[in-house]
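Chain IDs A, B, C and D follow the sequence of writing; residue 1 opens each chain.
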Amino acid sequence: MRNVFGNIFTLTTFGESHGEAVGGVVDGMPAGIDLDMDFIQHELDRRKPGQSRITTQRNEADRVQLLSGVFEGKTTGTPIGFVVKNTNQHSNDYDNMRQLFRPSHADYTYYNKYGVRDHRGGGRSSARVTISRCVGGALAKLALRPLGISIQAYVSQVGNIAIDRDYRRYDLAKAEDNIVRCPDPAKAKEMEELIMKVKAEGDTIGGVVTCVIKGCPVGLGEPEFDKLHAQLGAAMLGINAVKGFEYGDGFDIVEHRGSEVNDIFLPESHQQDSDTNAKQLEKHAANTPTNHSGGIQGGISNGQDIYFRVAFKPVATLLRPQPTIDLNGNATTIDARGRHDPCVTPRAVPIVEDMAAMVILDNWLLNKTVRM
Amino acid sequence: MRNVFGNIFTLTTFGESHGEAVGGVVDGMPAGIDLDMDFIQHELDRRKPGQSRITTQRNEADRVQLLSGVFEGKTTGTPIGFVVKNTNQHSNDYDNMRQLFRPSHADYTYYNKYGVRDHRGGGRSSARVTISRCVGGALAKLALRPLGISIQAYVSQVGNIAIDRDYRRYDLAKAEDNIVRCPDPAKAKEMEELIMKVKAEGDTIGGVVTCVIKGCPVGLGEPEFDKLHAQLGAAMLGINAVKGFEYGDGFDIVEHRGSEVNDIFLPESHQQDSDTNAKQLEKHAANTPTNHSGGIQGGISNGQDIYFRVAFKPVATLLRPQPTIDLNGNATTIDARGRHDPCVTPRAVPIVEDMAAMVILDNWLLNKTVRM
Amino acid sequence: MRNVFGNIFTLTTFGESHGEAVGGVVDGMPAGIDLDMDFIQHELDRRKPGQSRITTQRNEADRVQLLSGVFEGKTTGTPIGFVVKNTNQHSNDYDNMRQLFRPSHADYTYYNKYGVRDHRGGGRSSARVTISRCVGGALAKLALRPLGISIQAYVSQVGNIAIDRDYRRYDLAKAEDNIVRCPDPAKAKEMEELIMKVKAEGDTIGGVVTCVIKGCPVGLGEPEFDKLHAQLGAAMLGINAVKGFEYGDGFDIVEHRGSEVNDIFLPESHQQDSDTNAKQLEKHAANTPTNHSGGIQGGISNGQDIYFRVAFKPVATLLRPQPTIDLNGNATTIDARGRHDPCVTPRAVPIVEDMAAMVILDNWLLNKTVRM
Amino acid sequence: MRNVFGNIFTLTTFGESHGEAVGGVVDGMPAGIDLDMDFIQHELDRRKPGQSRITTQRNEADRVQLLSGVFEGKTTGTPIGFVVKNTNQHSNDYDNMRQLFRPSHADYTYYNKYGVRDHRGGGRSSARVTISRCVGGALAKLALRPLGISIQAYVSQVGNIAIDRDYRRYDLAKAEDNIVRCPDPAKAKEMEELIMKVKAEGDTIGGVVTCVIKGCPVGLGEPEFDKLHAQLGAAMLGINAVKGFEYGDGFDIVEHRGSEVNDIFLPESHQQDSDTNAKQLEKHAANTPTNHSGGIQGGISNGQDIYFRVAFKPVATLLRPQPTIDLNGNATTIDARGRHDPCVTPRAVPIVEDMAAMVILDNWLLNKTVRM
């Protein structure tokens, strides 16, 4: 319930920023999947700190070690335990924070909830703990790969610099070609400059990550409470610093009329499941020219591309002094010497994908139980 | 997992638009709560059809019957089963839909997922099934009432007519004084006119519901995957026709810098839990003048007001003909003779509150287990 | 968690002995299953009171009404809500129990746990609430029927009258031919006489129900905590009045050596899954002549018959006066005028089967998710 | 669901006999509990191999490392990840088993369920994985300690040598004074001799572990499906080699009449919750002289001692040749060169306690949510 994600394919995580290790357990991983350790490590490398000049300089190798659930290169269907050691903690960077509550951080709320907190680097509330999500997501991607389901996220906005909302206008593969992870090279350059400027001022800036899921078959999602988009939304809102989630036309749709945004079927498209999945998806895409729905209707995937947007706030830790209070309510000043990102979105891209991958795999597996 | 909501306080629902009844089971309702049947029925009346000229004319009494879990006016801690009979179905209104897929509805996805569907009124995908959520939410509100936690939602936008985002500028109690459920009477009038105009054209329009939770103590929410806002987001995205969720500054925050949107603590505010809850909340509100965070930090409530916004798409069923296809992919025309709302937001207001009430109570109960 | 049973196929129940109704929700019922209402009602009739002279004379029709999840004779994959009205309550039979704690009943524990209790007929702790389990189990049996999985329970002991432990010595179908539900007609007669004698003395007597599952494929069960027998055991121990559970050789095995009770494979039996399920099971049975394991090894079904035994205590309510105390701890006498069974096992037979059917279906569905 | 135990306090485990490590995650551990690492290690030492001449000679230090969830000697309420390295695997002892199915083991069932298996030492089905349960149980015991709840298990039978069923006749603390873990020194000696004799013959033998829980308050347990004894039963049946579970009078009760086994309250005992817990328990014990119910009525603890018995089969791995088959169904002989226990019960004692401790803590926490 608390530190577990998913229903059939589940990820349980543990770890704090400055403890021994972060890690977790993936349970429900299907048996017989080829294990591609290079891919898993690559997924971790995409989120690791210190990868470019616009990310935090905390520099950790973040090598993942799988401890179980794999035998001779294949998954066995038993749980996969894993750890990533914390190796580059500068815990005494945080000594001055033991008595403080940082503004817009989880310090005050953790302290009141639990009566005790590990103040070092934010403890459990640190974005470092998202490492475990990357491992879970990488494993999910390995299981989805043979199905032809692909998940691609990218940065679509930093501060007031945004690209077009229509992802079909971009070659999404290009997102990984620049350090901002934006598929529009010119805009990526602008975003990078903005981030560097903000950083130079000791400040931080927000952004938006867009995610596109292609090849998802019709039928995923539980249509009452656990609608597919409700699960995706919960997954995204569970990522540190996220303030909003929308899918399909999202908030923009409220100004439109039904006659403008209904996705009209064209004839000869939807013979039931007589065709192969791939062929059926192709037909659907061809015969429903619009996709205001974002690939989900009534909480169930409809075979079109699923896409959604995730809003990230500016990182709360500034690299300049801020006024705050201590545990006794007295005024003091905080001067964060820890290493932090000026903008969280570039490193959030793999995490968004990984959470989405786990949601899709979990629902794909659950959907097998709908009929005998 | 599928038709269950919550962890400690749970709501399991059943029912289709044109079946015998809709209903459910509330499990984990605390023992010893005074049962106020008038309040529960009133909550249902707020969402029932036919309550004004801007809602559907399907006219059902929607009387709820509690079947268990209550003894001599108090809850007993055992599950509360309940049913609401379907009495005014015009099922043959839907005969022409048996062979059709309505655009942007769940017909196509249900049919492919389950291989069978109850086409009458959308079956399980009908908004009628949200009745069960109102019962669950009303019970949750009864349990929260003695704690001084109140939840108030209202319509903040219809089409392009929006009120100010700052809920503190309005007397929210006024929302219930008009049929749109908007706390700004002048804007409510404009919204009502827009809805009537859209309805006259056989069309539909989207809108936004804002929700404010007051009196929530510090400490609710599970800070990893089940952050309080992730739970609220999932709850809202699980409501029919919802396309987006944001809390606090939401999507707007992405254009801002950390220095602009951090919520700064003022001195002498946050002595630990020595004070009463009410006094502590008061101090917090007094000493953290801004609330960009929306009352939640690190996934845990911080004692300030919690607020969020929910985007609803225009209802997919138009009251005029639309082209579509039948089960064989052939072109045809759909002419919805069913009774539908031109704008879903006024009747969605209680549902938003009720889902929020269940989330808050569930977390309040769970939070008791954090310490011995 | 509390009133929910199962993971994929779930049953949520509600109801008290003297409330409006008992009922529940079956969620995760596979779509497209033919609904056989006569069978469901027949399953209820097998447990209903007043069916013979050795059962309680509370006489209720116990007609089940399905409220959802079914369309034109087939299940739709949506939740099936159901109710059975309470029609023959004699609540004032229980007025004298409002102030009492009945010995070895749940009165004292409920009162202390919840601070309030519905004293009428034991409220939620009444065996009447097992009606909901019969409905869930009947639905599970309908889904299992096309798979060739059958579940048969019977009374194997009443008091000190026991039949042979080896179920293969009996024609189990004969169990339904007598009111005790024992497949040995001579012993059934003896058991019946014992029950009548005990009843005449105003007393009650315990017994054992044995259950055999045939046709279960290899592979069901989650081998760590949720071993198939652990799930079956929990299901059985959750039935009112059960004091013990054992499977395979059970407690008797502790006196034996490994060399005596290992189930030895004979050659040419276990080619992997090349054969049909039926053929594979047949081979397994032919080639592993013993079955001390009870059809489960390492928590996973092995294709042989699964069998287990369930111990029921004598009903705590005697039909003669007993000393007890009231809510203030004062001595008093209880004289149960309610209608009760002198021996619970004959009516427990369908409940044992129904719980087992739900466990098997739940695991059958879950097992589909083990491989892609 | 699969490798998770518990609801509020949960243990998720991973690991195989010959993988890198076994370990797990404890989630829901209450915050602020003093961490006693010596106690945790001591609990592991009680189950470790090689501790006496009647246990397997696999000799591993089994040092546990906690990786998170603890700060400055106290639990923080965040998940506790832990690992125990596998250091003394003799994997090539098992090379001959790659192509074999061992009789009455999980080899055949795992292979058919997952299509792949780690044959080394039984992989995930090895009793080695119970290490993780000892860590979870030790943490639960630390949380229960200040409440005065104690849990003591012991060996009550080996083969046909049994001690009296009434645990009150023994000083249970003495169980830890001998290598069999039986509180009757003379019988312990006999049991030890029997085990040595069986071992010398290359055979194995079964046994019974009895467990007693003292100081448990009234009110624990969910009275419908998750009755306290159903949870305890599932926990015990989930331990490797267990074939049966009974509580209170267990299977023996079936031969008795209600008038013989009802637990009669004596006057002046049960004033509601006005007294302290300790005083209330004392009164209850004094005023209900018998305890056939085993401390649980209607699925809820009643304040008396809870006791139950667990049947263990003889270990399936013999230390002498057995006939069996290979993956192709051909006859072959198995000669287990691994290191195994001739009788599993002495080392099972801490595991029984640890599972029970987790059940009690989980229910104690959940019970806090029954009233506001």
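What we mean here is this: a residue touches a chain if its C-beta (ideal position, glycine included) is under 8 Å from a C-beta of that chain, and two chains touch if they have at least 3 such contacts.
Bear in mind the structure is a predicted one, so any value in this text is a computation, not a measurement.
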Legend entry - Chains touching both subunit A and subunit D, listed by label: B, C
Inset, instruction - Would you kindly say which chain has the C-alpha centre located farthest from the C-alpha centre of subunit D? - result: B
Inset, instruction - Just give me the whole-number Å value for how far the CA centre of subunit C lies from that of subunit D. - result: 26
Legend entry - Centre-to-centre distance between subunit C and subunit B (centres being mean Cα positions), rounded to whole Å: 39
Legend entry - Centroid distance [mean C-alpha coordinates] between subunit C and subunit A, Å: 45
Legend entry - Contacts with two or more other chains, residues of subunit D listed in rising order: 1-4, 7-8, 13, 28, 31-32, 77, 113-115, 124, 366, 370-371
Legend entry - subunit D to subunit B touching residues, read off their complex: 8, 28, 30-33, 77, 143, 146-147, 365-366, 368-372
Inset, instruction - Spell out the part of subunit B that touches subunit A in their complex, as residue ranges. - result: 1-5, 7, 13, 101, 103-106, 108-115, 124-125, 129, 157-160, 198, 203-208, 218-219, 221-227, 229-231, 233-235, 237-238, 243-251, 253-273, 287, 292-294, 296-302, 311-318, 320, 322-325, 327-331, 366-367, 370-371
Inset, instruction - Can you check the complex and tell me which residues of subunit C touch subunit B? - result: 1-4, 7-8, 10, 12-16, 19-25, 27-28, 31-32, 65-69, 71, 74-81, 83, 113-118, 123-124
